[in-house]
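Heads up, the next two complexes both have chain A, just with different partners, chain B and then chain C.
Entry: the complex of A and B
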C-alpha cells in the first residue's frame, strides 16, 4: 500500500508529510512538479502558473516509484509507493483523508494545514498503519482525537481558558472508543438526548440534458435519503417505502430486469439503479420483509442512495434561446424560461447561467423578473429568479458589446457551452418514491419520538440546456 | 491560536539559543512546547538542520512527555524521522517508549498503540530486541486495537531487516499466523495485510487461505470497518477454490459489495468476482444477472470524483479486452462532458472505441463527429483517429465512418486534414478500391498538410496509387523540392514512393528525371546511412535490369486482416488478477512495471476453467490487429533492419522481397514483438505520435 503521504502546495512544494514505510527517498517528491508537467497530455506545456490543468493522469510512474495524487483546492495530496499497490484503495483513502480533515478544520488549504499541523500528524497516524488505511470515519475519530482544531474562522476569537500552562490540548478520556472495536462500529452505546427526534429528508438531484428544441436527451435522478437522528440508546428504526419503488429497488439489487416484470404486471415501471445503503442497514431484511431496518448512527447520515432513469420525465423548465450577432460588435441574447409544472408547485432560487463570450463590455439587460449579473471570470450572465410558480413564463434580453478584437473561435466556443440551471423545489420528488412510515423503537428505554419527513427536488451539477 | 505564524524556516542554531534562554525561566514548559513546534515545522518543510537538536528533543520528551500528549507525539514524530542520524539519542529514548507502552496498555489504548508503532518504526537493533517481547504481550492483549497494531508492527520489522535478526522471525510469523484466527475480524484483516506484505517481496513464503477460513472471512466481512473489508477482499485472492460450488457460494456472498458506498470496496469486490469466475463452469449460466450487477457498479463509479472515474475506466478497458461478456454497459455513460478533464476525455474515447459496434454506430459517430469539431486540437485529432480506426474495425459500417471523415475533410481545417491523411492510409489498404474519393479530396487539400506524419502518409498514398491519381507526379515533384529538409521517415517514404510511381509508369519522362534527381541527392548529398544505402539499393536494382522489378519495389500488399491472435492468455489472466492495482492503470503485466515483483498467476485446481468470455459484441482480435498496425507509422522497422542491410546486399530476389516489404511499412517481424510492449499499445493507440 502507500509508503508515504504528502501534502503539497500549489507549486508542488511539500507542506507536510507522514512516512509509513521509509522506502521512498525525498528526491522523489522534489521531482513531482516536473513529472506533472512531463506526463501532461496537454500540448500547451508552457502553461503559465498553475501546474494542474487536468491534463496529467492521477497515477503515474517514474523510476520505480508510483505517484498517486489528487488535487483539492490549491493543494496536491500525494501518495507514493514502490509496490503494485491497490491503487483504488489508496486513492479512495486520499479522498476520505480530505473529507476527514475538512471535518476537523472546515476548509482544507495551505493556511489551515499550517495552523493545525500537529493534529494533522496525529490524524495521519491514526488513519493509516503501515500504509494500510484504518479508520476514516470522522465521527469515530472525533471521539478520541479531540484536540481543538484551529479553524480559519475563529481567528479573531480568543481561545478559551486553559487549564494548564502549555496545554492547548484538551484530551478527553484517551480510551479507544468502544466503537473502534465494537460490532456496531458506527454507534457508541450510552448516547442520551433530551428530545428524541428523527428527521428524514428525501432529496433528489436531477441531471438533465435538454436540446435546443426542449427535447430531453438524457436525464438522471440521483436520490439520497438523509437521516438526522437525535435518539437515545440503541434505537431500532424501520423505514417503509411505497411498494412500487421498493420492488424495483429489490430487483435492482438482485439484478433482475425491472421493466419487463413491471410491464407484465401492467404498471408504470420505475427504473431504479445503484441502490446503496449505509452500512447500518440490514441488507438481508430488505429482500425478505421489504423493509429497511437499521440502528442509525447518531447525528447525520446518508441512509440510502439510488439513481433513477426516467426516460419519460418532462423537462422542468422550457427554455427558448435566441442570439443575434450584429457584425461581431454587439450581441443580443434572448432567453425565455417557462416553468413546466403544475401551478400549485413553485421552484425557488432558480439560477440560469447563460454563457457569453469572453471580455464583453457594458452589458445591458431588459427583463421582467429576478435580477441579472455579469460574472466576468466565468464568462457568463447569471439570471436569478427567487421564486417561479408553475406555468409562469419570464423573458430577459441581454445586449452585450463585444471587445474590438474578437476571435471567431471564441464566439463559436461559447455557444457550445450549454445553459446551466440551478433550482430547488420542496414538497415532491420526481422519481415516484414515497415514504410510508418510519417506526422508531428502543427496546430498553421505550421513549416516544416523532419522525419528520421532507421531500426536496433540486438541480444537480448538470442540469443543462443546449442552445445550439 | 493558530500555529501558522510558527510555520517559517528557522535556523537550527537560533532554535538552540532560544531553547537555552528559556530554560531557566518559569513556565518554561510553554516555551519549550512552542520551540518543539518550530522544530517540527522545520522537519515538515524538509529542513534537516534540526537534526542537531536531537538530544534536546529527547530531553523535552522525558520532561514533559508524560503530561502533555501533544509534546509526546511531536517528539515521537521527530525520532521516527531522524533516528538514522542520531542513533545514540534514539536509543536513550527507548526507555521512555517502553514505559509509555506498559503504563498505558491497560488504561489508554491509543497511547499504547502509538508507543508500539513508534518503537516498530525505529529500526535499530536495540529497538527490535525490545519490541519482540512487547509484541508477544500485545498479541495476547484483550483489546483488539492493540492486537491489530501488533500485527502491523511485525510487518514493519520484516520490512526493515529480514536478514539482521532472523532468530526472532519464526516466532513473529507464528504470532501473526495465530492472529489469523482471531475473533475480531479487524485483527485478522491486519494480520492478512502484514502477511501479504511480507510474502510480497520474498519467494520463500507464500500466503494461502483455506476453504473454511475464506468462507468465514467472507461471511464476517459485513461487520468490520470499510478498509478491513478491502483487505479481506484482497486476501480472498489467495484462496484457490477446489470445486465450482465454493467459488459460486463466495461470489454470491460478495455480490452485494459491488453496491458499496466506498468505491474501493466495490472495485475490489469486482476483482474477486472476476477471479472466482475462473473457477466456475459457465459463470453466466450460474449468475445470469452478473453483467447487470457489474455494470451498475461501474456506472456508479462513474459518478465519483474524476480520479476515481479514471481508475474505474482503466479497469473497464481491461475487462472489455478480456471478458466483455461480463459487461453490459451503456455507451452513453462514457460520452464526454465538455468540462471533463483531459485524461478523462482520453480514456472515455478509448472506451467508446472499444464499445462501438454495428448497433450503436450511428450514435457513436454523431458523438465522435461532435468531438472532432471541438476547439481542443488534441481531442479533435484523437476522435478523427478513432473514427478511422472504427472504419477499419467494423466492416459493415465502414461506409458511414468514411462519409463522416469526408464531411470533416470538406471543412479544410489543416489539423483535421492532417489527421485524416494519416488514417486514410489504413482505410485504403483495408478496403482497396472502395473509398478512392477520399484520395481525391485529400489531394485537393495537400497544400495544407505540414506535419511530418501526415506528409509521410500522403506521400505513401501518392506512391502506391500513383497511376490513378492524375496529379501524382506533380505533387511528388513538389514534395521532393524540400526533400533535404524533411525528417528521415518522410525522406525514406518519399524515395520509395517515387520508385513505386516510376515502376508503374516507366515511360513517364518527368518521373524518370525525378528518379534520377532524387537518387543523386540521396547518394551524393545525404549523410544519413539508412537513406544513402536505400538510395544505392534502388540504384543497383534499376541498373540490374531484372525483369520483375515491380514485384520487388511495389509488391501486392497483403490486405489488413482481422484474425490476428489476441493477447496471449497468460497475460490476460495476469492482468485480470491485477485489477484495481497500479498495473491495471498502465495495462501492463506486473513484471514490466515492478521488476522485483512476483508475477501473478492463476493457481491450478480441479475447478479451474478457462472459458471464453470474449464473445460479446466486441471483436477482440481486430482490436489487436489495429494495435500493431498503429505501430507501423513509427517506421521502427527500418532502423531495426538497417544493421543487416549490407549483408543482405548479396541478395537473392526472395530476400529482397522480404526487405522491401519492410520498407513498405508492412507488419514485420520486428513489430510482432509488440507483445513486449504489452498492452501499452492500447494506451498509445489513440495518442499522437510525437
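Entry: the complex of A and C
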C-alpha cells in the first residue's frame, strides 16, 4: 500500500524514513513543504479548493505521487505511494504507528525521534513489510522488540555516566512470540499473576454544545468500557450488561429504530450507537447469544466503545455570561455557574476556560469559590473549582485591561470562541448502563478472581457553552 | 565510552562538523571490541538517518554482518538495504550470511533474513534468493512463512518472469490453505500486490477460496482482514447463496474497532446490495448507518477521507444518513478542511424534517471566525433553501439577518446565493433580498462570481432597483477591467435594461459598452456576444428581441453538485481507495508502473550501467536534434513572415486607416441609438468587416 513512510519536522524536513518499495525519488519528499503551501491556497479541485495555511487536506496528488499525511504534535507523518492505494487503511496504519511509537517512548516528537532512531527503524521494519501492514499491537510488539528507548526524561539528565541502555540487552536471545501468528494475536499463553483481578471502568464522556440561553444545541455521549485485567492463563470472560442497554446495542447493530420501539414498550428510551468492540470480543456471539464473551489481552484494553443519544439530557451546568466593555480600554467579564443536577451528586475538578482577548493586562478577579488563573498562551482565563455540589451556584468577575492598540475585530473574535468546561463525576453514568456480572473462567487453572466495577461520567474535549 | 557519548551529544548540540567522520567510523567498525563496533554501527545509522552519505563505509559495515547480536544484525541489514544500490557487487558478499541466516534456528532471524533479502534491490541477489525463499515458504514456523509470503511479492517486483517461472505464485495460491490465519492473510496481501503490479487478476476467487476467505476473516489481524475484504470486494458473486454468506460473515466486522476494517466491510456489503431483494437492501442500509457515523469519531485526517467516501455513498443511497444529521455537526476544533467537508455532507443529508435544525446550525457557522467557513455556510444556506422549499422563507430571513450584521466578506457569497434564490423562487422573496442589493455598490464586491451575480440581478430586476442608472454608469466605467464572466453578464444586463426600462442615459451606456466590448475586449466570447446582441438589436423586430433576450431561464432545481452515473459506479469501486478522495477513477491519476509488459525480464545491473550511458547518449542526441529543429523552425517562420507576413502587415496598416474612419464616422453619426439601429441594418457588413479588420491586425501585431 505505502511505498515509503517519512517522519518530518514542523517545517517539512525529513527526520527519519523507511523505504518499502523504492519507487519514490527523494525529490518527492523535498517538494512536500512546497506542496503543502501550494495546495492550501490553490483553488483547483483536486487539492481541495482554497484551504488556509496548515489546513491542507491530508491527501493530495502531485506528479503521479500520492501524498498521505497526518500531523502529530509538531510532526508530519507522511506516506507516499504511486498506486491507487487503500488510503483509508494507510491513514489508519499511520495512526497505529504513532500510537505504538508513543507507547515505546512516551512522547513522539522531533527530539525523541532523533534519540530513538534504531528502535524506530526496528519497529518500522516489523510493523510493515513491502507496504503491507503487519503487526500493530503494541503489547505483542513489546514482547520481542525490547530495546530500551531513551525517553525524553532520561535525556534531560546529564547522561555522561549513564550506561547506554542498549548495551544491557545484548546477546539476549529473542524469539518471536507465538501470539504474533496465533489466532489469538493479542495474548501470549503462559501468563501468570499472583492475584487474579479484573477492573472494569465504565466511562462516559460528554460532548455538549449549549447556547447562551442555556439551551442544548447538540450533545453526544461517548462511552467506553475499560478493562484492566491481571489474570493468569487463557481466561474466558463473559460480560453481562443490563438488558435494556444490551437490547439497544443489538438494535443499533442491526440498524433498527430504537426509540420507536422503546416508546411502544413505554420505557425511557436509550439510543446506543456505534457500538465497537475490541478485537478480542467474539463479534458473532453478540447478536446470536446477547453475550459479550472474550479472552482479554493482559493489562489494559478498551473493551467496548459506544455512543449514546439521549433526548432527555439537560445541560449539566447553567452558565450566565455577561461582558461589559469600557470604551475599549477595560473589559469586565462576569460568569455565573450553576450545577444543574441533584444535590446528592457532586462534580469534581470543574474547570471553566473563559476566552479573553489577546494580550490583556493585569487581570483582577472577584470570586466566591475556587481559583482563577490567566493563561496568556491560550488567551483564556481558567477558573478551577475543586468540587461543586448539585444545585450550588458560584460567580466570578474578571476585570481585564486591554492593550492600548486593540483591534475591533479581535474583540469580536474572542467572543465567538465558546467557554469550555471540564469536570468529572463518579458513581453513575448517564446512559443507564449497568454491569450485571463479569464471569471469569480459566478452564485449566480454575482460580478465584475478583472483578471490580466503577462508573465515571466526565466531560469530553468539547463541552462548550456559546456566549454569543 | 561515557565520555565519547557525552562528546557526541555536545557535538550534536552545537552542530560541530566532524573532521573525517567517516575515517573515525572506519576505525570503530574494525575495532576488536564488539561493543565499540556495535556502537559505531549505531552512529553510522544515525548519520545515515540525517542524510549524510556513509555509503563509502559499505565494506567495513559488511564485515560486521556475521554476528549473533540480533540488534546489530538488524542495523547492518538496514544499512545494506539502503546502500545496496550503490554497491551492488559488494552486496553479493553478504549473500552467504543471508542464506545462512535463513536457516538459523531462531525463527526471528530466519524471517529477518528473508525479509531483508527481498529488500535488497540488486538483480544478482535474485539468483540467490530463490532457494532460501522456497525453504522459508515451507518453514515450520508461521512467522517465517508469513514473512516469506510477502517476499514473493518483492521478488515479483524485482524479476517478475523468474518469480512466475519458479512457481512462487502457485505456491502463494497453495498457501491459502495454510493452517495459520496470518499466513493466509499475507498470502492474500501478496497476491493482491502482485495483481496490482502486473495488472492481472491472480486471485481468482471461487467457491472454495471464498469459503476459505470467509473463514479466515474472523480470525486474523485487522490488517489481514482488510486484505481479505479487498479481495471480497472484487469478487463477483455467482448466486444469491454466496451473497447471503458474504453479507452474513462480513456484517459483524462493522463493529470492529479499526475504522479501515469498517469501511472495507461497508464497501463489500455495498457491492452486494444490488443483488439482494429491495427488502434486504433496506435492512442492510439501515445497518450501515451507524458504522458510517462511527467513522467520524476518529482523528481528523481519517474523518476527512471518511467524509469523502460518505459523499459517494450518499449519491448512490441518498436516504441512508437522514436520521444522523447531528453526527456531522462541526466541532470548534475541527481543522478547516474537515469543516468544509462536513458542511457539504450536511446539506446533502438534509431532508424536510431536519432542515430547520440544520438551518439554525448553519446560521451559527455563518458567524464563525474563519472566512472560508462563513462563506461555505452561506453557500450551504443557499443550497438548502433551494433544495427544500418549506424552509426557504426562514433561510432568506437568516440571510437577511447575516447581511444586517455583516462583515465585508459575507457580502460576496451572499450576492451569489441571492441570485440563486431569485432564480429558484423568482419574485417570492424579492422585497427582502432587493433591499440587500439596493444597499450594495460595486466597491463592496470583488470576486468575478459575485460581480456577475450582482450585475445579473441588476439586469433582471431593473425595475426594482433604486438609482439604477448610477449603478449602470459605474458598471460601464469598470467594464474594461472586469473578468470575462462579469463582462458577459454586464452585456446581457445593459441590453435587458434597454428593453425594459430604456432611457436616453441607458441607451448611451449601451452604446458605450457595446463599443468597448467589440473594440477593446480581447476575450473572444465576450466580443462575439456583443456582436450578436448588436445584430439582434439592429433588427427592428422588438418582439424578436424580447423573445431572444428576455427569455426566462429555467427554474433552478439544485445547486448541489452531483456525479455522472458512470463516474458514480466507478467511484463505488474506489471506496476507501485514493480515487474516493479525488473523485476520479484511479486511471485518471495513476501512472502505470510497468508500461511495457510486466513479464519482461529486467536488465541485469551490469548491463544497466551500460544501458544508462547509452540512454544518456541517446537523449543527448535527441535533444541536440530537437534544438537543431527549433533553429530550423525559426528560419522557417522568418522566411514565411518575409514571404507573407510583410505584405499583410502593410496591408493591415492601410486597412487600419480605412477602418478607423468608418467607426469614427459611425460614432458621430449614430449618436442616437435609434439612428444606430437604422444605420446598422445597412451598414453592418461594412461595420463588421471594419471591426474585424483592426482586431485581426491587433492579433497579428501582438507578437511583434
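Miscellaneous remarks
Methods note: the second predicted complex is superposed on the first by the 437 of 468 C-alpha atoms of A that agree within 3 Å, B and C clash if a C-alpha of one lies under 4 Å from a C-alpha of the other, contacts with A are read in each partner's own complex, and residues count from 1 in each chain.
One rule holds for everything that comes next: a residue touches a chain if its C-beta (ideal position, glycine included) is under 8 Å from a C-beta of that chain, and two chains touch if they have at least 3 such contacts.
Predicted model, so just to flag it, every value in this text is computed and none were measured.
Using the contact criterion defined above for the overlaid structures, shared-chain residue A:287 touches chain C, although it does not reach chain B.
In the superposition on chain A, contact is made by A:125 with both chain B and chain C. Of the two partner chains placed around the shared chain by superposition, neither chain B nor chain C is touched by A:189.
In the superposition on chain A, contact is made by A:66 with both chain B and chain C. Within the superposed three-chain model, A:253 lies in touch with chain B and with chain C [touch as defined at top].
Touch criterion met: A:57 reaches chain B and chain C at once. By the touch criterion defined above, A:116 reaches chain B but does not reach chain C. After overlaying the two complexes on the shared chain, residue contacts for A:25 are found with neither chain B nor chain C.
In the superposition on chain A, contact of A:92 is made with both chain B and chain C. On chain A, the surface patch touched by chain B in one complex and by chain C in the other comprises residues 14-16, 19, 21-23, 54-59, 61, 64, 66, 70, 81-89, 91-93, 95, 117-118, 121-122, 125, 129-130, 132-137, 144, 147, 159, 164, 166-167, 169, 171, 173-176, 180-181, 183, 185, 218, 222, 252-256, 273-279, 283, 302, 305, 307, 413, 416-418, 462. By the touch rule above, chain A contacts chain C in their complex via residues 14-16, 19-23, 45-46, 48, 50-52, 54-59, 61, 64, 66, 69-71, 81-89, 91-95, 117-118, 121-122, 125, 129-137, 144, 147, 159-164, 166-167, 169-171, 173-176, 180-181, 183, 185, 207, 209, 217-218, 220, 222, 252-256, 273-279, 283-284, 286-287, 302, 305, 307, 309, 413, 416-418, 461-462, 464, 466, 468. Of all residues in chain B, those touching chain A in their complex are 1-4, 7, 27, 29-30, 32-33, 37, 40-41, 44-46, 64, 67-71, 73-74, 77, 80-81, 107-111, 114, 117, 121, 123, 143-145, 148-149, 152, 155-156, 159-160, 184, 186, 190, 193-194, 197, 200, 222-227, 230-231, 234, 256, 259-264, 267-268, 289-290, 292-293, 296-297, 299-300, 303, 305-308, 310-311, 332, 337-338, 341-344, 346, 374-375, 377-378, 578, 580-586, 590, 593-595, 597, 687. Note for the complex: chain A touches chain B at residues 1, 14-17, 19, 21-23, 26, 41-43, 53-59, 61, 64, 66, 70, 81-89, 91-93, 95, 111, 114-118, 121-122, 125-126, 129-130, 132-137, 144, 147, 150, 155, 159, 164-169, 171, 173-176, 180-181, 183, 185, 218, 222, 252-257, 273-279, 283, 302, 305, 307, 409, 412-413, 416-418, 462. Interface residues of chain C facing chain A in the complex, by the touch rule stated above, are 1-3, 5-6, 9, 35, 38-39, 42, 45-46, 49, 51, 68-71, 74-75, 78, 81-82, 106-108, 111, 115, 118-119, 121, 141-143, 146-147, 150-151, 153-154, 157, 180-183, 186, 189-190, 193, 196, 218-223, 226-227, 230, 252-260, 263-264, 283-291, 293-294, 297-302, 304-306, 309, 326-327, 329, 331-333, 335-337, 340, 361, 364, 367-370, 372, 574, 576-583, 586, 589-591, 593.
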